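Before any comments, here is the structure.
In this document, chain identifiers A, B, C and D correspond to the written order of the chains, with residue numbering beginning at 1 in each.
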Amino acid sequence: MIDNIIHAAIVMTTPLLLAALGGLINRVGGIVNIGLDSMMLAGALVGLIVASESGNWMAALVGAAAIGALLGLLMSLAVTRLEANEIIVGLGFNIAVAGLVRFFLKSAYGTSGTLNLPDVARLPEIVIPGVADVPILGALLSGHDPLTWAAWIMVPATAWFLRRVRLGLRLRAAGAAPQAARALGLAPLNLRDASTVFAGAMSGLAGVYLSIGVVGIFNEGITAGRGFIALAAFYFGRNHPWPTALGALLFGFFDAFQIRMQGRGVPAELVQILPYAMVIVVLTVMGITMRRSRARGRS
Amino acid sequence: MARSLAGALLPLLIAVLVAAVILALAGHNPFDVYRLLAIESFGGVKRVAATLAAATPLILTGLATAVAFRAGAFNVGVEGCVFVGGLAAAYVGFTFVGLPAAVLVPFALAASVVIGALWMLLPGVLKARLDVDEVVTTLMLNFIAISLTAYLVNGPLLAPGSANSATPMVDAAARLPKLMPPSTLNAGFLIAIALLVLYWLWDRSTASGFETRIAGLNARFAIASGIDVPMLIIKMMLLSGAIGGIAGGIHALGTVGRFVSGFSPGYGFTGIAVALLGRGSAVGILLAAILFGALATSGATIQLFSDVPIEIVNVLQGMVMIFAVARFGWIFARRRRAA
Amino acid sequence: QDKRAALIVAQGGLGDQSYNDLANSGFQRAIEETGIEGRAVESDDVVAQAAEILRRASDAGFGLIVDLEYSHGEPMVEVAPDYPDTDFVILNQVREGDNIASVLFQEQEGSYLAGTLAALVTTDDSIKGINPEPIIGVIGGTKSAGIDKFIAGYIEGAKAANPDVEVKVAYSNNFGDPSIGLQMAKAMFEEGADIVYQVAGGTGMGVIQAAKEEGHYAIGVDTDQDGIAPGAVLASMIKRTDVAVEEVVKGYAKGEFPGGETITFGLKENGVGLSEMKHTKDLIPAEILEKVEQAKQDILSGKVKVWNVVDQGYPDYLK
Amino acid sequence: MSVERKAAASTSRLGARGVTRRFGPVVANDGIDFDARRGTVHAIVGGNGAGKSTLMRILQGLDRPDEGSVVVDGQPVTFAGPADAFDHGIGMVHQEFMLVPGLTLLENLVLSHEPTNRLGRIDRKKALRAARELEREAGVELDWNIPVDKAPVHVRQIVEILRLLYRGADVLILDEPTAVLAPAQVRELVSLLRKLRDEGRTIIFISHKLDEVMDVADDITVIRNGRKVASLPSSEASKEILAEMMIGEVLAPPKARDSKAGPAVLEIKGLAALDPAGNQRLHELDLAVHAGEIVGIAGVAGNGQDELALAITGLGEVSAGTISLGGSDVTRLSLAERRKRGFSYLSPDRAAEGLCLVAPIRENAIAGHHRWPEFCGSGVLKRKAIARHVDDLLDRYNVKRGSSDLPAGSLSGGNQQRVAVARELDGDPKFLLACQPTRGVDIHGIAFIHQCLLDFRDRGGAILVISEELEELIALSDRIVVLYGGRRSGEVARSSAGIEQIGRLMLGSTA
């Protein structure tokens, strides 16, 4: 039971974590990306098609990341070069891409909603011999796919990138003080574009994880608003990779948990409220402790 | 003058062009589609009425969002207020059967206002007192509102004999009067316009509107000027919630006649776009709401006359949002500098 | 022919892999065969635009309007009298009116058979992928009376076949999220279930996928989903919305319309029932299939009356 | 004219030829020529809005001239951007700080020229070594690992200059670097600049403070209304000559007046206050300001002035003691409540707190007073009355503006400050807390604002002035209280106020 919850929680966390880390980098670079969901959706679709055509999951990842990156670039250009409001552009991308995906399915495949293709290459599972059968540890470490591993490796990598790498430092500068960055001869707008392209690529991977990692089909509702949950995760983490990962894990865990809570006397809808309520509770507690610690510093 | 008009129309033009390319690629004649869209949204009194009816909830959610933005609170939780407000109004409307319309309608709307405002109390207080980010809390509250109302409408408030999650129909006395029968355009539209006018007056000529604007533009300055900004944020979040609630109430009493699953197709989120597109001004909100209302109505009915998939409306809507907030000035500016 | 028919698509839109798609396929078949003009109308705001769409279609000269959206019942009653020359059809509910025909499905009857089948199979561990525990599951797309009508019938059928059987019930709250469907089904399999019935549209694709991955079984819904994952879908509870729509449209083309009547599609009318189990019937012992057939006869003869949540409210076993 | 020829005779490192830059109808730079000679400090002086910053931005490649060109080593060049200018050895410290909040001092130092290994990883050891070397060169010591937001102003200033050196600039453009520094820090900066010049670097230095200019500059260029008035060696200049060139007239300093101090309006007893991080920065302070009196607070920045101001406004945290206004205790009251009791506050941070730059000038001039009965009846603003009142008020304060409907950000810095002063003195409050009342304002504006404060005092107002400009304190105050380490280190009466004595008190020796 515990093992299964852990395993399911990790599975449900992966897409959130991928998109949240992308969104985090984007926000550090100065753009709040509301359009993550659209990039996930496109990644899920393109990834599935590539996985079916090529039979190669790595090609599918590349395809999904590429389409996400392309959408990210378009969105970023609208924000940085056309000076459009990032929130509206993000909402606009969500609406327009959802429409385009349906439009594309109808025009190209004569189907709507779901795309079920033959010979879809799925993500392989990495079973670690010896560890696999150890309780808890096995569920934590074994039987996950490469993308899940990549997502978790990205957490310290992102932290390291932002603190220690030249590009990370410049990105922080571009986000926090674009004028200053410009005066130093950096190109804050280009950096911003790069961060949105990255967010798009990560969201594309998050999407393809859902389509070829989890189920092997595409459905127009496959993201189920996970782009917004990812947004909540990096807001929750206040742009720090580890707390953001914790936020994503919290959502993933509750997703896995609520599935198993159902049928135990609690109405399904109320169980589904839990993760969202938890975020509010945690933020409130954090707010109160921060206020306390300030007050303690005083006395 | 000519320039500003061009500035307003250019984005629409670009959106229309992009969508036209997509249409043409898919083998549709863009001109026919656009002609149909225009006819179906503004061609005749009935169609205009349908457009205005569709615009009504968007005016209100746009206004609700704008009110919070004014005070510097990025409230994305109006969608949740529409849900709880709609359910509250419907509950009053089908429970207190027998009251005269003059009592029942205000009672039901008041319920939606109170619930909507209360729904925004927590994020308002958390932002004002503990500096908790309102974007996250209000976004979370949307999901909570949707699940909570779904629970209520499937269980305690489910209409007997209904195969769908729906409350019973509200009493006839609770329905808002229609303005142009048989169109669904109803008194809710007048309420929305009245609130818009009040907003315009409030923003323009009241001390509180002034304080709110200043607080939204520069909170430190407002505080130094002696304005209680945290309290103001709480008040404006409550007001935003109240307007979001009444959007739901009006939708329940005026259009749908009950609370039912699929009650709001995202009015709250479209409202964010309406508020931002309308630049927070009363007239801007009205025009933006009518634009989105027109796309919603005509998008559905053009399918009766053309094979064009409804998705083209989503594409158009998305493109309009993206380009309407874009500034094209830099293109001209750069040309000048280069010269 | 200048006859025109409109199909108003319900919430969720086309592509839901169930109700809307199925009805639309019947609609398309009928207009192709009869040659009349037909249009399917989707809307992002279908609930609020009920009356506007119904009136617009009537004004535009559509003689037949088939409405799939449940919340359009009341608006239709309001609109129909203004358009006596238009024929209206509403599904899943009964509405009064000379020019309104109502179509009802007895999904609970077909679901009863699915429950019977699942309860009998789940303890027969001679079948590959079946464990001896009497545990089965069902996943609904949302908690609502329309979905619980399926679920209650399923439970009733299961309990009738084996009173000791435990039926796990869960809702995905989403008709288009296959990954949550997959996770939910896996959770049920972990807890000992080996057969899960899905009543969740696109989410159900994930349930079938989970059955395939875990080597257990899913039961499909609405269409014959046995072929989606041959061998992993035990059976499908078919609901012939397509047939219903097709017949109505064809009748309209011929100038017939059952105005004011209620057409019921139950087991008897062959409007609901189990698929032919092309890929699985050889796995299942003949005696089980016979018992299922017996249950069907009991319903047809009226010996068994299956609980209908919509008409009767919730039974004790599904509060 | 002979002066100019002489200046041009030495080798020019950086200069301008006929540089013109227009912003709509405003001609910010109008055919400006000048040359900064290699190895000299070249000061640019001019009133507010004269066009100094615009010219500097052009020299640094941030902006481009509409006409004319920048010359480097005598050759006309067109910079593609600041990076390009840097490649020519030209760097600038802007009027507004250009450090990135959230980054440490070290990160800010190396930003855009980070020492890295092959993978793009920043080599922190190398960076720190470079930082230490620069420290030694400049004769300062810094904690490089604190975030820039926690560093005091003068440290940030030094980091900005070191950053230019780090990047190998040999032409340093400094736009009003001393505006926010205390006298001791200014001296430190000036000696640093001298040192850098003696090592052969070229420095272009903008300031409104003619003393400093005379002190440090080799050459001086005066700009007025976008045009160059003159370039001359400092040996041929004097404060009076420069002032005349800048504004076309010589200002008489405000005349001293006897104070007729009345009853105490502001009374502070045993005050202890905390900074936003919760550290106690003010200890057991007693202070009174009487009607018809100006009291000045002097001190090196960071000795409790900020906390005192915050405590008096009610925006900060008071841990002990009382503050009373007009006899009633206001220690626990909000700023709004204090304002209702006749309190008035001129913020030191004009752009962020003193004004709302994106709001119309009119709204800036009325904010806080908008609920007065003459402007507001039952919550509705009397727009006509407000417009009339504001236009009259701003005319009285000589605010140069297009229309009062334009955003306050469209005003020059000096005029912005006039708006703030006008608002705070409007309606004759009982007490005014004036923090850095003339920061970044030109001579003309300073004189005007000082006169306004003195007039207010003569009408019986009480003023507490907190300023980093000693001359300003001496010109205005009847008494000057000096803070050191959060405690009162002494008090000097106007009649006996001397810079030396105050300077000693500021450094902690008790009188």
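In the analysis below, a contact is a pair of C-beta atoms (placed from the backbone, for glycine too) under 8 Å apart; a residue touches a chain by one contact, two chains touch by 3 or more.
Listed by chain with UniProt protein names: A, B = ABC transporter permease; D = ABC transporter domain-containing protein.
Here the structure is a predicted model, which means the values were calculated and not measured.
Visitor: Which chains are shared contacts of chain A (ABC transporter permease) and chain B (ABC transporter permease)?
Guide: Per touch definition, common to chain A (ABC transporter permease) and chain B (ABC transporter permease): C, D.
Visitor: If you walk touching chains, what's the least steps from chain B (ABC transporter permease) to chain D?
Guide: Counted as steps through touching chains, the separation is 1.
Visitor: Using Cα averages as centroids, what's the distance between chain C and chain D in whole Å?
Guide: That pair's centroid distance is 75 Å.
Visitor: Chain B (ABC transporter permease) to chain C: how many Å between their CA centres?
Guide: Their C-alpha centroids are separated by 34 Å.
Visitor: Starting from the mean Cα coordinates of chain A (ABC transporter permease) and chain D, work out the distance between those two points in Å.
Guide: 45
Visitor: Multi-chain contacts only, two chains or more: what residues does chain A (ABC transporter permease) have there?
Guide: Those would be 102, 267, 269, 272.
Visitor: On chain C, where are the residues touching two or more other chains?
Guide: Within chain C, the residues that touch at least two other chains are 143, 173.
Visitor: Would you pick out the residues of chain B (ABC transporter permease) that each touch at least 2 other chains?
Guide: 147, 150-151, 154-155, 313-314
Visitor: Applying that definition of touch, give me each pair of chains that meets it.
Guide: So, checking each combination of chains, I get A-B, A-C, A-D, B-C, B-D as the touching pairs.
Visitor: Spell out the residues on chain B (ABC transporter permease) that touch chain A (ABC transporter permease) in their complex, using ranges where they run on.
Guide: Against chain A (ABC transporter permease), chain B (ABC transporter permease) makes touches at 22, 26, 74, 122, 126, 129-133, 135-137, 139-141, 143-144, 147-148, 150-151, 154-155, 269, 272-273, 276-277, 309, 311-315, 317-328, 330.
Visitor: For a test of understanding, state which residues of chain A (ABC transporter permease) touch chain C in their complex under the given definition.
Guide: Contact set of chain A (ABC transporter permease) toward chain C: 1, 4, 8, 11-12, 15, 102, 105, 111-114, 116, 210, 214-217, 219-222, 224, 255-256, 259-260, 262-263, 267-269, 272.
Visitor: Quick one: in the complex, what on chain B (ABC transporter permease) touches chain C?
Guide: Per the touch definition, chain B (ABC transporter permease) meets chain C at residues 40, 46, 50, 53-54, 57, 147, 150-151, 154-155, 158, 160-166, 169, 182-184, 251, 255-257, 260-263, 265-266, 296-297, 299-301, 303-305, 310, 313-314.
Visitor: Flag every residue of chain A (ABC transporter permease) that touches chain D in the complex, lowest number first.
Guide: By the definition above, chain A (ABC transporter permease) touches chain D via 164-167, 169-170, 172-173, 176-177, 179-186, 294-299.
Visitor: Give every residue of chain C touching chain A (ABC transporter permease) within the complex, in rising order.
Guide: 13-17, 21, 143, 168-171, 173-184, 186-187, 190-191, 202, 205-206, 209, 228
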